[in-house]
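Look at the two complexes coming up: subunit A is in both, with subunit B in one and subunit C in the other.
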Partner chain A sequence: MEIFALFDCIISPACLLSQATGGLKIGMLLFLVASGLTLVFGVLGVINFAHGALYMLGAYFSWQVMTLTGHFGLSVILGSLGVGIFGLLFERTLISRIYNAELLVQILLCYSVVLILDDLVMIIWGDEFLSSVGVPEVFQVPPLFIFDAIIPPFHLAIIGMSFIVGIILWFIMTKTRFGRLVRAAAVNPKMLEALGININFIRAGVFMLGSFLAGLGGALAASVGSVVSGMGNSIIIESFIVTVIGGMGSISGAFLASLIIGMARSFGAVAMPLFTDGLMFLIMVLVLVIRPQGLMGNKKK
Partner chain B sequence: MKKLNKYSRRDILKTSASTASVFALSTGFPTILKAENNIKIGVPTILSGRVAQLGISVSNALNMAVDNFNKSGGLDGRNIELIIRDSRAKPDEAARVCRNFINSDKVDAIINAEASGASFAVQEVIRESGTLCLHTVSETTSLTADPSIRTWNAFRFSRQGIHDAVGSAEYAAKLVKEKGLKKWMSIGPDYAYGRDSTKTFFDMLQKFAPGVEIVGQGWPKLFQPDYTEVITQIVREKPDAIYSCLWGGDLVSFVNQAILYDTFKNSELFAINLADYTTMSAIKNLPKGLHSATRYVAAWPNTQDNRDYDKAYTDLYGDHPTNWSWETSIAIDYLINALKETGSTDNKKLAEALKGKTRKSFMGVGEGNSVTIRNNDQTLVDYSIGWGTTIPNDPFVKDIQSVDWNTIKELEKEWLINKGWL
Partner chain C sequence: MELLKVQNLNAFYGNSQVLFDMNINITKNNIIALLGRNGAGKSSTFKAITGLIHVNSGSILLKGKELIKQATSKRALLGIGYVPEDRQVFPEHTVEENLDLGKKNSSEGKNNWPIDKVWDTFPILVQLKNRMAGQLSGGEQQMLSIARTLVGNPEILLLDEPSEGLAPIIVEDIAVILKNLKKLGVTILLAEQNMHFCLEVAEEAIIIDRGRSVWNGSLKDLQKDTKTRDKYLAI
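What follows is the complex of A and B.
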């Protein structure tokens, strides 16, 4: 462990800013995906193992739109919306049948969908990885130098966009009628039904929103990463870690945990470059031991 | 009892049997016989998941050669029948597929197109069964260099880690001297190949250019989507050069993300696996001046034979060959030649025919553009290894320098002695 390197980094504005921005970018992208996962679990009680596959679909849809239109913004929006619609169909046709099923059945169904989608994208888009969607022209500029820290403008855009999405999500969940219904559905769906609320509509809406967020994460990740079948497999593990650390079902917990993981990865690369992955799991283990319900989770859950 | 028909049941049965026999003899039966008589080659490979391109480009290379062989009459009328099956990149599955080839399909030989982990599993299966095996993908040196792993019936037709390490280090050392690239970092996938390749490269580089300093190493896990933490590490350390053995989509993602930090303005990238068409064409605005070994490009070796191979493959499949394609093409060429030479599928005879054999090849840089299967460790040598710098468009690599095989062999020997393998 290079503790002195970490100390040197923290007292150097260039290193501190560079690592902090890197950590923010990692964390915010992770938040987009993990918030969808935790939302679906919190309201529907479904551990959606296919969430990573939806992230992958977002990347493929975005790549396709980019290829057809050459417009980055459109590719991100349509890519994510496409996954949202796919999520709606997925929920109506399959997920809605297993709300009361055992956990094993839920996992098996979701895992089957992962395998099907992984193969399906190869049939449609080919077996080889696709090039990244690319960074919009406006961001194809030299990086910014702030206190000697090198910061790519595109990373600032990703961080900003994710923050905005986070705020919109917070607004929807806390300030709108839909959000109140969603929270009520998470606590007592039967009571909601008794009050004449269409619970299926709520469930489908939540799953669609969760899928949209996964798709958005995938579409943004595809801007600088290659697009390939199975790409959701690694992000799903990190998303589950975030969900466990933040508290199952808690969006604010997912936000906090994503930031912790992002910073741990970024500053961990300075202090213990050979243990950055391990560090992530270590944090999860510590949280599970000290606060099993997660940082912002509800103990009852 | 009165007969209802003038033909008895026995007559009908007799007639049916005769008709069936005649029909079978004239059509189906010889076909079955013919199929039974085929020379069967089992090919365990990866046809699904993120590395499916491996199995597909291997299959393409095999089909191209086998179709030609069968069309030209085969071996005294016996055709080669390829049985290609997916192992899903899992060692235990590769071993199971291989056992099935041997026990159920009764194959005459195995062409093993598996990645390293699974290749070791296949090696143990064929050691036990004594089936002839031609490895065409694994680059891990120990597969054929370590005497405890080596076996009489296994031959390696793929490039080898130690050869690439010497070649890469020799090329890098020249630039260390020319440009003063003293501070180095590395980024490699966190599994056996990544660790092995990076260590061997730096061992060799220290030999060619003593005084080179390694200031940091990044080990992202395989298929990691985000490389930010490693890139910020590079930005912080400001190395003169970076060695990377990342490959495929991972390398594409790393380069695309590093460009955002202007990483390659101050640090020269030596990416051993970059110069493959699929990888280079997937990088957005491939930067000029990145260093790479020539995995497979039509421009190297700069011969008509190589260009012809590229054209034949591209015409058939609409895509350029990969590194795995040329390795497999050479393997099947050797096997077909051994079959013709011995006129038999006897594995011992075929192994003898392969051993020490030199053949002209589009990838050969030995005497008369030849490659050789070395006698002592049954591995391919004298294949083309070049290093050059990237340009954004076709042919993607320029200023390619050939790596001297005498140096490779000399340092390989020294390395093997140090390892206790020679």
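What follows is the complex of A and C.
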């Protein structure tokens, strides 16, 4: 372990700032995906193993729109909306049939969908890495130098965009009627039905929103990395870790945990480059031992 | 014509039958007490009417409309207003938000419960508006639960043991509110074990025993009829 390297980094403004920005970027992208996962679990009670595959679809969709139109903004919007609509169909045709099924059945169904989608995208787009959509022109400028730290403006844009999405999500959940309904459905769906609310609309809406968030994460990821079948498999594991650390079903918990994981990955790469994945799991293990319900999770009822 | 007509209703909890050929007739603008011992089937009757438990056969007519095949939410939209025994307020929503969740127009598209009327009828809720429902006392939660169902403009209120677990002084507050609701023309089917509470607010009663309706008539008659009371209500 290179503990001195970490110390050197922390006392150097350049290293500190660039690692912190990198951590923020990783964390905020992760938050987009994990918030969708935790939202779906909190309201529908389904652990959506196919969430990573939706992320992958977002990347492919936006790559396709970018290739056709060359418009970055359009590719992100249409890519994530496309995944939202795909999620709606997925929920109505398959997920809605397994709400009362055993956990194993739910996981098997979702996992099957992952394998099917992984193959489908290979049939449609080929089995080779597609090069990244690329940074939009406005951001094709020299990086910023702040305290000698090299900071690509596009990374700041990704952080900013994700942050805004987080705020919009918070606003929807706390200030709108849809958000109130969603929170109520997570606590007591039967009572909500007895008050005249069709719970199927809420479930479909939540799944669509969750899919949209996964798609948005994928669409943004396609602009900084390559696109390939199976690319959702690592993000789903990280999203699960975030969900467990933050507390299953808690969006604010997912935010906090995403930042922790982002920073752990970024600074972990300096301090213990061979143990960055291990570090993530270590944090999860510690949280599970000390606070099993997660940082912001409710105690089991 | 009856507002609510339940005929030969047979309902199940899983595999065990809880209602046997249940019959209930309710006319408008009235409070009817649904009496019976603990476990007689009062809550099951309500859950069968709201669609929360499985009904095997029979008929539930609300204003002549058959509800038996409708989903729970659809029944609520048609006018079934259910206030569950354990209140089931949403604990992490404020009082105002709880009311908002229950808000809907009547099946005829009318709103007889603008928010000002709610505050007038349940004055205790005014100062609790922004409080989380989970922090309210049992009596306050009961008021909120009733108000939350009323703002959905139901045709009939199925009120399950509102006095349960509350201090006598709070039960008195609830009785006052129910009498006010009666004056406002709200139809209530009131499940209770507390006969004194019923005498205060209702005139008619239905007795159910082991999942069957066994007696109906005026509460005053029932008060004199010790034989029926001993048979079906004495513990």
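Worth pointing out:
We take it that the second predicted complex is superposed on the first by the 300 of 301 C-alpha atoms of A that agree within 3 Å, B and C clash if a C-alpha of one lies under 4 Å from a C-alpha of the other, contacts with A are read in each partner's own complex, and residues count from 1 in each chain.
Throughout what follows, contacts are C-beta pairs under 8 Å (C-beta built on N, C-alpha and C of every residue); 3 or more make two chains touch, one makes a residue touch a chain.
Just so we're clear, the structure is a prediction, and the values are computed from it rather than from any experiment.
Of the two partner chains, subunit B is the only one touched by A:9; subunit C is not. Taking subunit B and subunit C in turn and counting the residues of subunit A each one touches, the greater count comes from B.
Contact with subunit B, but none with subunit C, is seen for A:129 once the two complexes are overlaid on the shared chain. Looking at the shared chain after the overlay, A:193 reaches subunit C, while subunit B stays out of its contact range. Across the complex, subunit B meets subunit A through its residues 48-50, 52-53, 56, 190, 216-219, 221, 223-226, 228-233, 235-236, 248-250, 252-253, 256-257, 260-262, 278, 281-284.
Chain contact summary for the complex, subunit A toward subunit B: residues 9, 15, 18-19, 22-23, 25-26, 29, 118-119, 122, 127-132, 134-135, 142-143, 150, 152, 154-155, 221, 224-226, 228-231, 233-235, 265-266, 268-270, 273-274, 276-277. Contacts from subunit C toward subunit A in the complex involve residues 50, 52, 71-74, 76-77, 82, 84, 88, 90-93, 97, 100-102, 104, 148-149, 152. Partner subunit C is touched in their complex by these residues of subunit A: 177, 180-181, 183-184, 187-188, 190-199.
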